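Shared chain: subunit A. Partners: subunit B in the first complex, subunit C in the second.
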Partner chain A sequence: MIQRLNFNYKPWVVIAALVAGWQWGTSDPHLVSDTLAPPLPVAEAVVQMIANGSVIVAGAETLLAALLGLMLGGGIGLAIGLVAGMTKGVAMAIRGPVEALRPLPAIALVPLMTITFGLGLPMEVYVVAFAVVWPCVILTQHAVQNVDRRLIEVADVLELGHLARIPKIILPAIWPRLIVMLRFSAAIALLIAVTVELVSNPWGLGHEMMVAEEGFQPAKMLAYLVVITAIGWGLNWVLVSVERRFAGFQIPQK
Partner chain B sequence: MSSARAIEFDRVDFAYGQVPILSNLSFAVDAGTISCVIGPSGCGKTTVLRLIAGFIRATAGEVTVAGKARTRPSRDVAVVFQDYGRALLPWRTVYDNVSLALEAAHVPRNERRPKIESMLELVGLQNHAKKFPAQLSGGMQQRLQIARCLAQEPSILLMDEPFGALDAMTRASLQDELLRIQSQRGVTVLFVTHDLEEALYLGHQVVALKANPGHLGRLVEVGLPYPRDQLATREHPEFLHMRRELFSLTHDGHQG
Partner chain C sequence: MPRSLSNLMVNVASIGALVLLWYVVTAAHLVPRVFLPSPVAVWQSLVAGFTHGSLLEQTMNTVVAMLAGWFACSLLGVVVGSIIGVWPLARQSLAPVLEIFRPMPPAAVIPVAIAIFGLSREMSLFVVIFGAIWPALLATVHGFSSIEPRLREVGRALDMSPLAFIWKIALPNATPDIIAGMRLSMVISLVLVVITDMITGQLGLGSLVVLASRTFDMAGLFAGLCLLSVIGFISNAALQFVERRLLSYQQ
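Let's look at the complex of A and B:
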């Protein structure tokens, strides 16, 4: 019997086919495009941008804004969600405001944030934080409300105060859900950061991509797209690894 | 006499909304004794326990613990739940599960170790300190929950059908361990069970409830001598006599 390959090659076949199709569709010398470039020049552009460091700087700027926004929005969302999950009164009080503000697209805040904070890192961080805070509030609150009632009774009998029961009972009990929430929010954070840069902020990968587009450099523009995809993929990979490593407390079964 | 009363129910009513659960229930538990609450399903046995624990409040009448009206849970009344799997922290080891009670009581870190070790020894888990609850058998998990409850140094130990989910052998050995621990530590025990023989075997007193809504059927002093013995006590004429007396009160699927 032939031993089965552990490596799952099938997705790569699809990717290779797509790249081949891309090459075939764009290699017609009669076809001149301002938006499309064949894969080879795109790959060259990626290598060149890495070599001269420009993509590293832009990528670091985008990631910085996304991560700061994630920390700010995630932190505030976690705190509000914990309090709302543990206190019925708070849950009732925030329900209306959360439902009113949540549907507001974060990107629509860019003009307001620009007037208030000017262009630059803080504005982008705040918009990212606004986008991230709502899912974090709702997911944390639901996770806390779903903690086994028995554990809450154990905490009540032991007279554990709110501050003590958060690290001892609540956080460990909702930990697997928090990791999923982090993964979910990180994707939103990157999406919003790049979008803010595309729309207005003169900084990061999104902005460089706009510059390339406006300068009729389709290869460079697509190269940035490849890099953004790679960063999104890398970020997800890191968080999936974190999830695998820490989500289950590694409790050995009998 | 009243100073020795650990728990007292005075004409207690309890209802969930419009549904009456307990009606005009009065009884008392003396400090340092074991009282067993029995009765058919739906007679409000667990409600009695939850009133003493302070999870719920009487609709009418008064529940007092050590002479004080019961309004909310407190550390000096420990609760051993039937579903030990839900009451233990799965992310903490055996040792750290016991530690939780000491952390809650603000026992300084350096004083915890000897207390935890003596608790684990008391319930026979000293060689399993580093295991997680999921790695223990049901009987061991229930022992661990009892250890954690004793570590909070309660004056009253409430037990809600604690051995109901265990096999007969494990149940018998845990019954004897409970009797030994109770006599060593002098803690007042209120033990809810649907098993009449278990109630007679363990208790100084049996509180037999009737259903619809729950009310007092019989309050019986068990005159059997301690220490009790799984064979001798269960064959004692007094035991058999009371079993016959109370049998009709607990038509709950016990065919004898």
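Let's look at the complex of A and C:
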């Protein structure tokens, strides 16, 4: 009973007011609605798209591209970050190029990648990888540089070589930060994948959304927006739970 | 000073080495010239574009659009964030709603914005504001929520109005968070301006890159990419400089 009283109902009031305002603003019969649709048809479109499976196919395409790009870019970034974090010379040498390439918006590479690889999955994966690789390099490098000095001394005393200390000392020590990095870069990967599809790639959720917009189907377009947001939200939720679960074993350290 | 000077020299040397590698790869024809032009050609294209082309106008358009969107979303983000930060009712009711909108990919708003505004500058501005406001807004809320409780008590003891509290205590305290958020907003603004340029074909670096690729003008394409990278680098460095200047009193 007490728990029910403590339930924070206020956000639901705001959401209800937003949806009601949306309904009220768009359901005026005098308004031509080539552009926006009331919430009810949008909800219908979401249900319909899930029922006939089209949104699942498109979502799987988007997620596949985001995941492959994340693996490629994250892997390269992790490798470079590990090396740069452990050897000072490399860290100094890569800083200039990283700072020069990092501010480049990954989406601006779409035309170049299209000429080189053509439209399709590989192009999207490479663009996602380019976007993901820089934050991964920087976060891994910082994580490695912040490893407890005493752990490094242990590795020195045990005379571990560079290759041996990565799995035995460094990776376990930076594990929690790597999980945070994963969450951060997964959000970027999904964002870039959807954007590449919106801009040009005929594949996945972003493309379907653009097609709905160009075909004057506002309900369908907004339904895709709802689905994309829900996927982003779900992805974040999954990774936060992963973070809680797997980063936990570090806490008893004193 | 000598330390930062040597850092700078290392950076310049490593970027120079990268460009040299690029030149060697293209000069030795390791990669077809269709895909990777030589740095010399890119440089010539840059010079030609700036001296008697429209490159300057395109660059200025992109920079102005980016700055306008960034300024608007920073202002809006700080104002709304302050309201949420000092007013408990607003925080309880709005913060979870904001969490729903935050994971929405900013670019996914573009089709909706096109449907409402058409292929116009307003559309671009709307997308930039909607997409780039989150870091500034959430950083402000976070900065406000981490104010020392004793400072809140000081405000109450002095009978400060909420506005005076925001202006005299909360904002100065939240400045480090806000500036960090604004830096992220700037990065997102640039990305979104480029994307809307690419889609709408308005005069800017985004459409330049698309046009160059359609005419197989690879030198022009790389020139556009270089300019974008320089814009991103300079804007980030400028904000970092401001950050250090504003926050120097804290050390």
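Note that the second predicted complex is superposed on the first by the 239 of 254 C-alpha atoms of A that agree within 3 Å, B and C clash if a C-alpha of one lies under 4 Å from a C-alpha of the other, contacts with A are read in each partner's own complex, and residues count from 1 in each chain.
Operating definition for what follows: contacts are C-beta pairs under 8 Å (C-beta built on N, C-alpha and C of every residue); 3 or more make two chains touch, one makes a residue touch a chain.
From a predicted model like this one, the values you see are computed outputs, not experimental measurements.
Asker: Looking at the overlay, does A:Val157 come into contact with subunit B only (first), subunit C only (second), both, or neither?
Answerer: first
Asker: Touch check for A:Asp148: first (subunit B), second (subunit C), both, or neither?
Answerer: first
Asker: Who touches more of subunit A, subunit B or subunit C?
Answerer: Looking at subunit B versus subunit C, the one contacting more residues of subunit A is C.
Asker: State whether A:Lys168 touches subunit B only (first), subunit C only (second), both chains, or neither.
Answerer: first
Asker: Just which bits of subunit A does subunit B share with subunit C as contact spots?
Answerer: Correct list for subunit A: none, the interfaces share no residue.
Asker: In the complex, go through subunit B and note every residue touching subunit A.
Answerer: Those residues of subunit B that touch subunit A are 53-55, 72-75, 77-79, 81, 83, 86-87, 89-92, 100-101, 103-105, 132, 134-137, 152.
Asker: Which residues of subunit C touch subunit A once you look at their complex with the stated criterion?
Answerer: Those residues of subunit C that touch subunit A are 7, 10-15, 18, 34-35, 89, 92-97, 100-101, 103-112, 114-116, 187, 190-191, 194-195, 198-199, 205-206, 209-210, 212-214, 216, 218, 221-222, 224-225, 228-229, 231-233, 235-236.
Asker: Taking the complex as given, what residues does subunit A use to touch subunit C?
Answerer: Where subunit A meets subunit C, its residues are 8, 10-11, 13-15, 18, 34-36, 92-97, 99-112, 114-116, 187, 190-191, 194-195, 198-199, 206, 209-210, 212-213, 218, 221-222, 224-225, 228-229, 232-233, 235-236.
Asker: Spell out the residues on subunit A that touch subunit B in their complex, using ranges where they run on.
Answerer: 148, 150-151, 153-154, 156-160, 164, 168-169, 172-173, 175, 249, 251-254
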